[in-house]
Amino acid sequence: MLLELKGISVAFGGLVAVSDVTFSMAEGEVLGLVGPNGAGKTTLFNAISGLARPSQGRARLLGRDLIAMPIHVRARAGIGRAFQVPQPLHELTVRENLMVAQRFGTGRMDRQRIDEILDLLKLGHKAESDAATSLALTEQKALEVAKALATDPKLLMLDEVLAGLETAGKRAFMLTLDEVRKRFGLALLIIEHDIETITRLCPRVVVLNFGRLIAEGSPEQVFNDPEVIRSYTGGEAA
Amino acid sequence: MIDLIAQSLFSGLLSGAYYALIALGLALVFGTMRVINLAHGELVLLGAYISYTAEERLGLDPLVSLPLALGVVIATNMVVYYLISLIRKDRELNSLILTFGIGIILTNAMLMLWSADIHSTTTPWYHDAVILFDTLFAMQAELVFAGAGIALVGAVWWWLEKTWYGRALRAIASNRDAAKLMGVNPQLTEVLSFAVAGLLATVSGLALYTAKVIQPSLGHNLTVKAFIITVLAGMGSVPGVLLGAVLLGVVESLTVTIASSALQELAGMVLFLLVLLLMPSGLFGRAKRRG
Amino acid sequence: MNQRLKIAAFVILAYGAVPLALGGNPYVIGLIVASLTIGGIAVAWALLGNLGGMVSFGHAAFFGVGAYVSALLTLRAGWPVFPAMIAAGIGAAVASVATMPALRLRGPYFALAILAYAEIFRILATELKSVTGGAAGLLSIPRLPVVLGVDFGTKLGGYFVILTIVVMAMVVYHLIRRSPHGLALKAMHESEDATRVVGVNSTLLKAWMLAVSAFITGMVGAFNAHYINFLDPDYAFAGLWTTLAIVSAIFGGYRTVTGPLVGAVVVYLVDQLLFKAILPQGHQIVLGVLLGAMILFSPGGLMALVQMLVRRKESSHAA
């Protein structure tokens, strides 16, 4: 098993953002994580990548205890993350962003690999540009993915990377993601709102609502589940 | 022994009361502009030297020359404010270095104008002893300024909590843009806080001149003390400043009595580091200090 | 190519021309040595400020620790001078570990926390009389030795030693800046979380910068102890060391490698040769003025100003 979550709960003060979430991912698997706004998806991502501490529960990455690892150790252990709001490394060029990610995420420097990633994500022409100030939205999102890829991850976590793109852009990015997955043999954990994207990319989906896992299965099963439909259209309060 | 400790505590309490004045000025400016004025201690000294000059040349009692000292110190602080407002980038750190430089300028200016000699007031009234409860000794100056200290801290607290401008100041401190949207003029509140800081500095300068001694090199020391107290107090708490100041005063006083006067500074520094590292929000405060 | 020419010119100037021209004038050499000593602290300060992102108001702490460690090792334990100086650097780096909890703090708080450490070290040095000689200090600290026939104990000999220390410090600064670690440190100023997510142990990197800065400062402090052969707590931990280093680094430009050294030489020599004569008692006012003026008008320092002027000249030539 690549990733195992058992009973993960995350609370901030009195507010419970994630409650008793349990699921697993195998190596190379593509899993969709969906749910209405505020369901706790990003918080769950934070718990897995280390930016939030679970109040309860266990998590394992390839058998190793994940919660005990500090953020940078998780990155080296194989967790790559692309943020919803792009967070480039400031004052550095695009190439330098990848260099830092590669050097510290893998311990090696491999220029060829960086060129490969730049090519794949169509960032080659912007390699020497400032990462924080001279990229269009699509390119910023591409950089997010490229940065995570440079750390040689086993699990790539994508937080709404398609948000804000128009249809053609979405299609193109989806194809790129698929190519990335196949080329590097990664597992993908994808948060998305776009049902079509999820259905196309993810053979399996888990649904969160108010921090709880309410459904798990194939996209067809999940999106026809009455409780899931209710969660998106309103319904009981928490 | 008990008598010594009691006296020590009492003296510490008294000095704490006017330390609070020095610290409050620093805290006020930091609250509104997120700027630590490292020249603040020098402003305190400036007020003291003005009253020294008035006493030397015109024979004026320090309290009488207070308005003159107020004018000079507040005017100087306005210049400091203007210079700080010229900084565009990295306000927090650049203003730190700028005011550090201004502090050097002021200290050396005072050195040139008044030389390195130590001075204290020559009006005898201030140094007259007062005995309380048959055992506790204090100079009249200490009592007067301890009282002034508590009164002024109370006044500032009332001003911040109850008046329109006080609340505007707190609004600016917590959310500048939202405050602007509600009609608060940030520049005016900033100028006001610098002016009040100048006032507090002047009074504490007088306290120093009458109850203790002054010399140009003290400026840096006073700023550090004021900073230590703001750290002890934590952000956003005016009563906290008074309590923090009293705590420092008492710790220093007890160290002198129980250990030795050489360790007086050490006690303050150790207390400072302990609070800074172990209790990041200070003893009474509410805001973030970690990066 | 231009870079290499500049470096070659500097080496020839510093190791050749200056000693030849001024070597016979001990007063001037003494001033230059003093300015280089400050330059060394300034480079170390700039390294911490620029790479580590932390401004310190207490670098005198590391200077003093280095001075005392080296003095004591040579005086009491009979160590030879040069190894003692290296040990002093290590000692200062170890002392910086005590200050590392302060790395969690935001800018101004860190700056003043280090100041508190400096004060504490000073008072400890004064109180631990049996070890440090107390307030009276240490006398007859061994001079810099004769090695391979060269007497480093003379003023000119000392010049070569401090020059080499400062050059090595600048090389270290430059190498770190260019490395992936330097890139990570640059990014950490505004995007620390993003760096950690890609595997950077940001806390450890900052700690290393602090240790390196302390090491360099400690070695400079040790050099000074053997150069003037005397030490006392008020001198070793004097705030003036920190102040001069800060003024030099800011004036010269702390984001550049050469800035702090240029700043130190200019500021110190101007202060000592010009203003000390005019204003014997308040001449350090100049330091405050230079510092304030630079922060307001060219925060990048003198070197940035020069670069800007050069660029303007070049573009007006091209036009």
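Just so it is clear, A, B and C label the chains in written order, and each chain counts residues from 1 on its own.
Note that in this section a residue touches a chain if its C-beta (ideal position, glycine included) is under 8 Å from a C-beta of that chain, and two chains touch if they have at least 3 such contacts.
From a predicted model like this one, the values you see are computed outputs, not experimental measurements.
Taken together, the touching pairs link the chains end to end in a line with two free ends.
Overall, the chain located most centrally, as judged by its C-alpha mean against the mean of all protein C-alpha atoms, is C. When every chain is reduced to the mean of its CA atoms, the largest separation from chain C belongs to A. Chain B and chain C have Cα centroids lying 32 Å from one another. With centres taken as mean Cα positions, chain C sits 45 Å from chain A.
Taking each chain's centre as the mean of its C-alpha atoms, chain A lies 51 Å from chain B.
Within the complex formed with chain A, the residues of chain C that make contact are 180, 183-184, 186-187, 189-191, 193-202. Every residue of chain C that touches chain B in the complex is listed here, in rising order: 55, 57, 101-102, 104-113, 115-117, 119-120, 123-124, 126-127, 239, 243, 246-247, 250, 279, 281-285, 287-292, 295-296, 299. The part of chain B that touches chain C in the complex is made up of residues 36, 83, 86-87, 89-90, 92-94, 96-98, 100-106, 108-109, 111-112, 115-116, 220, 224, 227-228, 231, 262-263, 265-266, 269-270, 272-273, 276-277, 280, 289-291. Per the touch definition, chain A reaches chain C in the complex via residues 49-51, 70-72, 75-76, 81, 83, 87-92, 96-97, 99-101, 103-106, 109, 132, 147-148, 150-151.
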